[in-house]
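Consider the two complexes below, in which subunit A is the common component and subunit B and subunit C are the respective partners.
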Partner chain A sequence: MQALLHAIVEPGFFADGAVQTAAALGGVVAVVAGLIGVFTVIRSQAFAGHALSDIGSAGGSSAYLIGLAPLWGFVGISVLAAAAMERIGVQRARGRDVATGVVLGVGFALASLFLYLGMTYHNASGEIPTILFGSVFTLSASDLPLVMGLGAVALLVVLTLYRPLLLASVSPELAAARGVRVRLVGGAYLLALAITVALCDLTIGAILSTALLVGPAAAALRLTGRPHRAALLAAGISLACTWLGLLLAWDSFYWPPLRHGWPVSFFIVTLVLIAYLAAGALARGQTKRG
Partner chain B sequence: MVNAWIVASLAAVVGGAVGFFVVMRGASFVAHAIPNGSFAGAAGATLVGASTIAGLGIFSVGGALGIGLLGRRGRRDVATALTLVFMLGLGALFLSLSAESSEAAYSLLFGEVLGISANEIVPTLALAVASLIVLGLLWRPLLLDSVLPERSSGRRLLAVDLAFLLLVAMTTTMTVPVVGTTLIFTLMIAPAAAARALTARPGVALALSSAVALVTVWGAIALSYTTNWPVGFFVGALGACAYAASHAAARSGDGGPGRTAGRG
Partner chain C sequence: MSDEPQSTLTHAVPERAEPQVAGETVLELAGVTVELGARRILDDVGFRLKAGELTGLIGSNGAGKTTLLRVILGLLEPTRGTVTVNGADVGRSVGYVPQKFMLDPDLPVRARDLVALGIDGQRLGVARPSRERRERVARMLGAVGAADFADARVGRLSGGEQQRVLIAHALISHPSLLLLDEPLANLDLHSARAVVELLARIAREQRIAVMISAHEMNALLPVMDRVVYLADGRAACGRAEDVVRADVLSRLYGHRVEVIRAAGRVLVVAGEGDDAEPTHPHHLDAEEH
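What follows is the complex of A and B.
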């Protein structure tokens, strides 16, 4: 029994301080991303969410350049980009795609500049993979209150607006007829999305954070049509993927090439994709039987 | 310098032309996902010692097929997002395993246009011509399906869609090694969106889109050469300027075509 357990969980996993911090931080972020992500999927804003996270790499690199904590860079630039998208027209179904694309293009431009400046003047080469691909094991426990606070803000926005947001997401016309201020609600949601994405950027990296935001939520929505049930399910899937990813990354230290761990983000992303495909297969099986 | 100029011009013409359909079909996310995800192919190629072009080709075609097939069931944007992040996750793994320097990762993501050598011109030219021929062959079905998707049967729609995705993949393979995964995205979106704001006629918009892309790239290379800042930055900035300017022009042009048709 002991040997089996050791084969699954390499020794030292639960006792390691970095792992505990990573599990706590990653867990908080995973739950927030799963809950918020359900609305992202219902509103078909996966591209917007992904664009915000990509643009986050500009924020992370600029924060490094001026000596701020990366989290503030991620949050600041995501909120700014969300405002720009809202301004150009992310809410209109037709203009959304291009609005997001144009803002993302500008974000990339800034990211390439800041990363270049960082490499040239600050010798920040080691930071680039961290900003782009994240590194949950390097986070410190002192980040936890801030991450929890920001996550709570995002959740509070969505919970307060739950009913009007749901209505505006499913049928904007009906919501407008009922007196919901669709654009205001959408803007507030975009703000919550920007904060969530910034948190994901911190843990699994700017270019991979879409996985946590979209994957678990889309998997959950394949299994259930009820939004609140889907949100809870998404949070669960997201948490499971994150923790299992941490465990596998820890184990991978003993895989080839030896003494070189595989990136956590790779495991999380792969698990999320598997969850999505499994949910699809499960849903199809159910409809066939029913 | 001359090599960079030729190759980047080719990338701009093809990117602008393909971009016209990207904007028309509302496929910005796909146009972002395929080039960005194919970065993993380049990283994998360096890991196993294969040629970069082969790696890029395999991953961009794989990404196109993944998006096309996953997107048949369920939501297209979710399928695109998951295909993209999975490829990027693989890229992160390959980079980490090959202990690739972060400068190499940077040049893959954001391009290295000034370091292009003369022997890259011929393959790029060949792929550019091939892309334009495919675009010409697909011209009518693509245009019809983009404007009136309900007119076509489901099976043909899927075929045209897959052909379009593969076209994006081909453009990606050709341009990524020279201009980076992000630059090609910007070249596909901003000029085409600008052109669509100015005219509603497809042929004119396509030519205009390529022209705007060319001007953007030439300006960016010149600015990058003088300031020593990355080309990608100037391409993004100039592209956004072109988009903003064309929309301002369309708005002041007394309800021109941009009012009705250029919003897509």
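What follows is the complex of A and C.
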């Protein structure tokens, strides 16, 4: 609370261009991640989501090598990896972990290669933490249209498939008996997931992006038993954690030990964890009263 | 087994007059055979289900019950034979309750939401909320005795409560045929009896053909109008008292079995020795034609 008041008093936070860009980009990504993440949790695909984001580090580093914006690398490699998982059998309950694990291994191998090449030939040691841990303050306002466009694609896929996706997530058999093409719906969702993960890679980094995808959704699922409420609540929690994280990161510029600011991704992920624990405590309180 | 020639139909049971209450034929299977590789899962299965009747699909694990249900649902194309629902090829007027599955207790889907997905869960987009829709769901929940836990998450309900919700989900789209895969497995006796009575009432009152698969027929005996008894992919069909007999089942199994009746219950056990019937009939059918 004090931090909030402090920042409001200090006009710098809201006036700074980098902050505005970060708030807009981070906000869009947070909302998309919350909405899409609810289905990731319902479908028990958190591991797949995590693998897609880790693999994103290979995309980010390879994009840097060939002089492309990291976002293209994140999206490209995520979608490719999602397609590979689908081929190997990520939608079968028994093959899921194997498919994810295999693709994850290949992704890390590529990431280590590209990061090594980047360090050796391009002196990219400064870029590596950005790819791995993100830095929403370094993003440029020119990224906004692409981020919004990709976010809209992911949301459109999930909104279009909302009912069959929900039914197939509850029970593939029930959905199939109603004529839903379960595998097609699951594959389309995987595409939306890959895009969302790529957006999270951009804002909070390839290593941390699962936290933003899964954390707010898991917190929301503890608080409400209705599907669309859970999705909206997850988006709200995700947005609050992102914006509050920006605020704290801005404030931390004056914090010890370096007085050079703490990484913003650290704050966002920590706030997500706090929200998850608080939601658990709230849910337990509700059951006791009920 | 598959190298045997196709034999002609064997009437194992004398024909009997059809009860007058039986309605029109809702489902007709003729010569349905399913082969997966060299294995024959279903072997020339044929029977009819009529509106208002409750049929038990009885057989041990691996007898082909789930395969048969998948064929009726149109999820599996039979190698040979035809499936006709309501006079047309497999359409969407089949309600289905799958075998007991574990639902995540944190799944954000209330009993009410799952029943609503029974109306139009296959359609694209988000459902437009309306009072009519809400009332239709509430009526359905009431009809299966699920009104008390309509707002609970489905994954947190007991087995018997989940069955009621799934039945409501299957019934709300007004199917003419309701298929249930082992709905009584994992239910205690009291819940099993309540579910069976509910299904019998639904069949009678809503004039739906209800088919319940079970590996154990005793819970169904009091309400079952008809039985389809599966063994090794072959079927014997007819009224329970005509099919569940030592001679019929021995021919179906291809070896001697005994049917023991005691205290209103039926027990099918392997008979003495291995003196299998020499004829080893290929097909058995107690269905009236």
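The definition used in the following text is that the second predicted complex is superposed on the first by the 280 of 290 C-alpha atoms of A that agree within 3 Å, B and C clash if a C-alpha of one lies under 4 Å from a C-alpha of the other, contacts with A are read in each partner's own complex, and residues count from 1 in each chain.
Methods note: contacts are C-beta pairs under 8 Å (C-beta built on N, C-alpha and C of every residue); 3 or more make two chains touch, one makes a residue touch a chain.
Please read all numbers here as calculations on a predicted model, not as lab measurements.
Novice: Quick one: subunit B and subunit C on subunit A, clash or fit?
Specialist: Superposition result for subunit B and subunit C: fit.
Novice: Using the superposition on chain A described above, determine whether A:197 touches subunit B (first), subunit C (second), both, or neither.
Specialist: In the superposition, A:197 touches no partner, neither subunit B nor subunit C.
Novice: For A:270, decide between first (touching subunit B), second (touching subunit C), both and neither.
Specialist: first
Novice: When the shared chain A is used to line up the two structures, what angle, as a multiple of 10 degrees, is there at the CA centre of subunit A toward subunit B and subunit C?
Specialist: Spelled out: centre of subunit A as vertex, angle of 80 degrees.
Novice: What is the contact status of A:19 with respect to subunit B (first) and subunit C (second): first, second, both, or neither?
Specialist: Neither partner.
Novice: Looking at the overlay, what does A:226 touch: subunit B (first), subunit C (second), both, or neither?
Specialist: Second partner only.
Novice: Would you sort A:112 into first (subunit B), second (subunit C), both or neither based on which partner it touches?
Specialist: first
Novice: Return first, second, both or neither, reflecting whether A:147 touches subunit B, subunit C, both chains, or no partner chain.
Specialist: neither
Novice: Quick one: subunit B or subunit C, who's touching more of subunit A?
Specialist: Of subunit B and subunit C, more residues of subunit A lie in contact with B.
Novice: Using the touch definition from the top, say if A:166 reaches subunit B (first), subunit C (second), both or neither.
Specialist: In the superposition, A:166 contacts subunit C only.
Novice: According to the stated criteria, A:55 is in contact with first (subunit B), second (subunit C), both, or neither; which is it?
Specialist: Once the two structures are laid over each other on A, A:55 reaches no partner at all.
Novice: State the minimum pairwise Cα distance, in Å, between subunit B and subunit C in the overlaid complexes.
Specialist: Between subunit B and subunit C, the shortest C-alpha distance works out to 7 Å.
Novice: Where on subunit A do the contacts with subunit B and the contacts with subunit C coincide?
Specialist: 44, 222
Novice: So in the complex, the part of subunit A that touches subunit B is made up of which residues?
Specialist: 41, 44-47, 49-51, 92, 94-95, 97-98, 100-102, 104-113, 115-116, 119, 125-126, 128-129, 132-133, 205, 207-208, 210-211, 214-215, 218, 222, 257, 260, 262-263, 265-266, 268-270, 272-273, 276, 280
Novice: What part of subunit C is in contact with subunit A in the complex they form?
Specialist: Where subunit C meets subunit A, its residues are 73, 75, 92, 94, 96, 98-99, 101, 103-104, 106-110, 113-114, 117, 120-127, 151-154, 166, 169.
Novice: Note which residues of subunit B are touching subunit A in the complex, please.
Specialist: Touch residues, subunit B against subunit A: 23, 26-29, 31-32, 36, 73-75, 77-78, 80-82, 84-86, 88-90, 92-93, 95-97, 101-103, 105-106, 109-110, 182, 185-186, 189-190, 193, 229-230, 232-237, 239-240, 243, 263-264.
Novice: Quick one: in the complex, what on subunit A touches subunit C?
Specialist: It is residues 38, 42, 44, 159-164, 166-167, 170-171, 173-180, 220-222, 224-230 of subunit A that touch subunit C.
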